[in-house]
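Both complexes shown next keep chain A, but they swap its partner, so chain B is in the first and chain C is in the second.
Entry: the complex of A and B
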């Protein structure tokens, strides 16, 4: 125990001496949250729209203004006002009078959507004949495209309902209600994810190099000579970084609550337990990396591979786990951020308790113990 | 020139002499690509839905069957009272609850309008948004079918405007086709910037950089010799990633491959220049690692448009993104892959990338010269 504390004290001094590193560890995470919490969202507004109106009737103008007034679309261009005949007539752009302009607009990303209204729309609607409009959509970003398509379909359908005979109007209407995050603010779901990501990289970055560095510099020899077990060495290395990363994580959480209106509906004690378990696991992972790698370069690449990317991609932070292929879903069980996110969102947004994420807390604890034991075992072998 | 050759040789010997590093440089991109290729889907499938069916009529069962049959939804449970959905949503056993009020079937049978309530768990706002869209569309489709049943065939002509959506560039709306070209850009950044910055700082820490400084090597020769091997590694990774993306994941590559490689080289100039720059401002590898991770890597991942669309960001941040080279390279890559366009469209991005690369290289070389004096 005393030996362990000695290692912790030595590590503390080393951290305190390198002011730049300490400052980075303490304050950069919070400023990250500020920047990204403010910058990132999936709320799609102001989609650039171009219109090719070949009808010029009251109905076509009404449809266009329905798009503009929805608040989702910004009309930025009008294409070929009855100009030259199509230069390249294919099935796809049969309706386009000015295909080159449209293709140019889409290629340069000037617009994401083109609404093409065929001639005779107004007449068709008045005489109750079915007609159609074309919506050209840039699909490169599938996520954005799906949402935009939803907006466009809804607008056209509700515009269309105005011209339908009363008997054909569908009877069932949907009344959507959203719990926990009624305005569907993407900030509220991104911020917990960012907290997990930032806490993870802070913790791993701080320990991943700690043992390799001593190996590279040769000071590991001295540690090995000292009357000190591998386990107390590992725990001693973890304690100071645990305190530093805990401090920085608490700063982030405080920032999330004051600046981004993240609610706190559950118990602080549970949040603290989840956070501590997650951080110890992350620090242990860093130490494990450090004990496996021989050079700092390797350690860093490994850290990226096993901690940063899985936390970003496989934790359910950005991509929903339930949509992943089966084998990848199995892999996500090895990603601690997965459990932490469930617990964090549960405590903070839903006010849920142990009955909702007790298993996740156990999983976090198991992960922490396993990586710490593995790291000690690896060091033990190198010791002799 | 021969001296540069020797230096490149020395670096390559060192790199290959560390089998773990070499393995990682080759394996990491492959692994990451596979992870992302399979994980990066924002399509929502199998959303667990709990149904609170207070009606239990033929009509309500028909609606539930619609949900069960859709690939987007999975019925997580059927309960009778709306109070029970709390249990499902709170514990995350269902993301969405469909409540069917008592008398639903009768109301519809009389031809009166009926409201249905859909409750969604908003803690994952993005998925919820998409899932709500699916649910609304599914119910709207069902309602339309019901309406069609009520009108006797051939009675009155059905008017109305039908939207026909035509999706360009990525007609199947595959998230993968959009993400994988981005991964190429990200990998090049992660690997080349970090390896080069840490490699140089390592020599500084070990003191061998001093030895190189006293050799008759000129400044630029030293820089070129140090950076070229990393550029070579980068190009190997480009080939690997391209091969996997195109042949394994079937990402369409519609533009010119030659142009793609040429612009990768331009991009490497900026990532390596950045690595060199970081090495001039760091004295330990840990500092180099933190500086790259925190100040370059993370902002680039989040603010370049790699995952989060730039057009959704506040205007102020949008201006800021013009400073990020990855932003330009992402546009270039995705346009070459999906749109098949060439320099006639991409010249502004190419120009920006070139200026950025030359700028950071010059800055880094200038800084490293000053230090050695």
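Entry: the complex of A and C
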């Protein structure tokens, strides 16, 4: 016990002495979060919109302002005569034609959407006759186009509802309610994934490197000469990295809550349990790598390979597991981040409890036990 | 792969026992086996009365080990290194305090306690590594090429410490390929190609030349002298020794020196000095290795 603590204390001192590593462990993850959190954003805002209003009625103006006030669209051009002067035209536009054309705007990527309001909209609305408006979309990015189309449909539908007498509501209607993330902000979906991803990489890389460094520098041999079991060495070495990665993960979670408005709807204790199990598994993976690799370079590459790619691609972080081909779905069962993500999203976004992700916690524990057993078996054999 | 065959020897308490051999001869492997880091394919070893194969932990508790690379933690200070290794050997706080002072004193590290190991000069680091290896006062100390890359003055200081430890009853096993260091050993084992080629005190080892004389020749042109001597029937073999040539004479040719000198001079090679000498450890080593094939 005293020997194990001696290893742990030494490791702490080494981490503390090695300011560079400490900074990397504590703050790089948080800055990763900022980087990915802001860059990885599937929400679409500030879509450039052009309007061709052939009606010029109170109703058509009201529809246009509904688009602008939604916050998703920026009105940058007006097609056709009359109306407000175009907000953004280039000198070349003016040279080529008196007013911008729909095709011109679309071709030059000045706008992504054109709203065409036919003449007679106002009259149709006043007399409660069905009518329609046209929305032209640039489909070069199918995802964006789909999302924008959704926005446009929602705005037009709610605009149209304003004019309908209450009695004329359709008999069956859908009233969608998006739970846990009513505004469908993709950050709320991505941030838990980022937390898993960053915590995984930090834990695996730091543990793997710390053991292999001792092999490289020859201190491992000195330690093996001491009457100290492999278990005491491994546990003593893991404790500091467990605490540091826990601290690092909590820093990321704090950053996610303050900067990205990630809620915390469930129990902190459960979050802590899930995080600990996940980190222990990651540390075990790092140890397993260190029992295979002999140089820090090899260890680093292996650590990235086993932590980075699976966590990014196969955990359901970005790509839903259910839409993967069958054999890949099977592979995902070996990716601990898959279980951690379910638990993390469950606690944080849904406020769910053990009944929702008890199985996942067990899976995390199993993973941790398996890798730790494998790693210590290998290390013990090398230790003798 | 089979690194060795048949290596049998015993070391007495308080003795400085040297393993001499060229690189790759199996010196380090022997030490690693004795420390329980490697398992021999067959045979047994007893260290400090304990069977290495059965109880490697027990052996580890009784030995200190210092390797050629002075395996200290470079980012940690002198004190932190001592504390860590003390902890590894399970020293309690009071004993650690006593031993820390002893090691600082022994290694002459006063005032350098807060320096990082990486910032110490070679000699200090080497003595700190030695200190860390004997924190738990082991009765047996293994030194694996302890003085590689250290200046001659620090080496001498280091050997003074080793002599002290031996005098106070510590058994020291040391591997080296420095022949001047081997002279410090009470007994030597010469290892060649994984075999024990010779074993004994320096004087006993020199018996390998019993009945044969060694003549040291100082000549203006050593290369020419070697060529001429090699052609003479009384001469068994020659080797370069510093600026001189050592010629080993065949058995019962002890009195051949004047004859050889005359022949060299008549061949037109001025001889500065030529006299029988006692075999040096280097002569012994070369002879033993050659005999071992």
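Methods note: the second predicted complex is superposed on the first by the 252 of 384 C-alpha atoms of A that agree within 3 Å, B and C clash if a C-alpha of one lies under 4 Å from a C-alpha of the other, contacts with A are read in each partner's own complex, and residues count from 1 in each chain.
Assume a contact is a pair of C-beta atoms (placed from the backbone, for glycine too) under 8 Å apart; a residue touches a chain by one contact, two chains touch by 3 or more.
What you see is a predicted model, and the numbers here were worked out from it, not measured in a lab.
Taking chain A as the reference chain, the count of touched residues is higher for B when chain B and chain C are set side by side.
By the touch criterion stated above, A:347 is placed in contact with neither chain B nor chain C. Looking at the shared chain after the overlay, A:283 reaches neither chain B nor chain C. Of the two partner chains placed around the shared chain by superposition, chain C is the only one that A:5 touches, whereas chain B remains out of contact.
When the shared chain is aligned, no partner comes close enough to touch A:253: not chain B, not chain C. Once the two complexes are laid over each other on the shared chain, residue contacts for A:227 go to chain C alone; chain B is not touched. Shared contact residues of chain A, touching chain B in one structure and chain C in the other: 18, 217.
Against chain A, in their complex, chain B makes its touches with residues 18, 20-21, 24-25, 28, 31-32, 35-36, 38-48, 89-92, 108, 111-130, 132-133, 135-137, 139-140, 142-144, 146-148, 150-151, 156-171, 173-175, 177-178, 190-191, 194-195, 198-199, 202, 205-206, 284-287, 289-290, 293-294, 298-299, 301-303, 307-309, 311-314, 317, 331, 334-335, 338-339, 341, 345. Per the touch definition, chain C reaches chain A in the complex via residues 35-39, 56-58, 60-61, 63, 65, 67, 69, 71-76, 80, 83-90, 92, 116.
Within the complex formed with chain B, the chain A residues making contact are 18, 20-21, 24, 28, 32, 35-36, 38-48, 63, 92, 106-109, 121, 124-125, 127-147, 149-150, 152-153, 156-157, 159-161, 163-165, 167-182, 184-186, 188-189, 201, 205, 209, 213, 216-217, 293-298, 300-302, 304-305, 308-310, 312-314, 316, 318-320, 322-325, 328, 342, 345-346, 349-350, 352, 355-356. On chain A, the positions that touch chain C within their shared complex are 2-3, 5-7, 9-10, 13-14, 17-18, 217-219, 221-229, 384.
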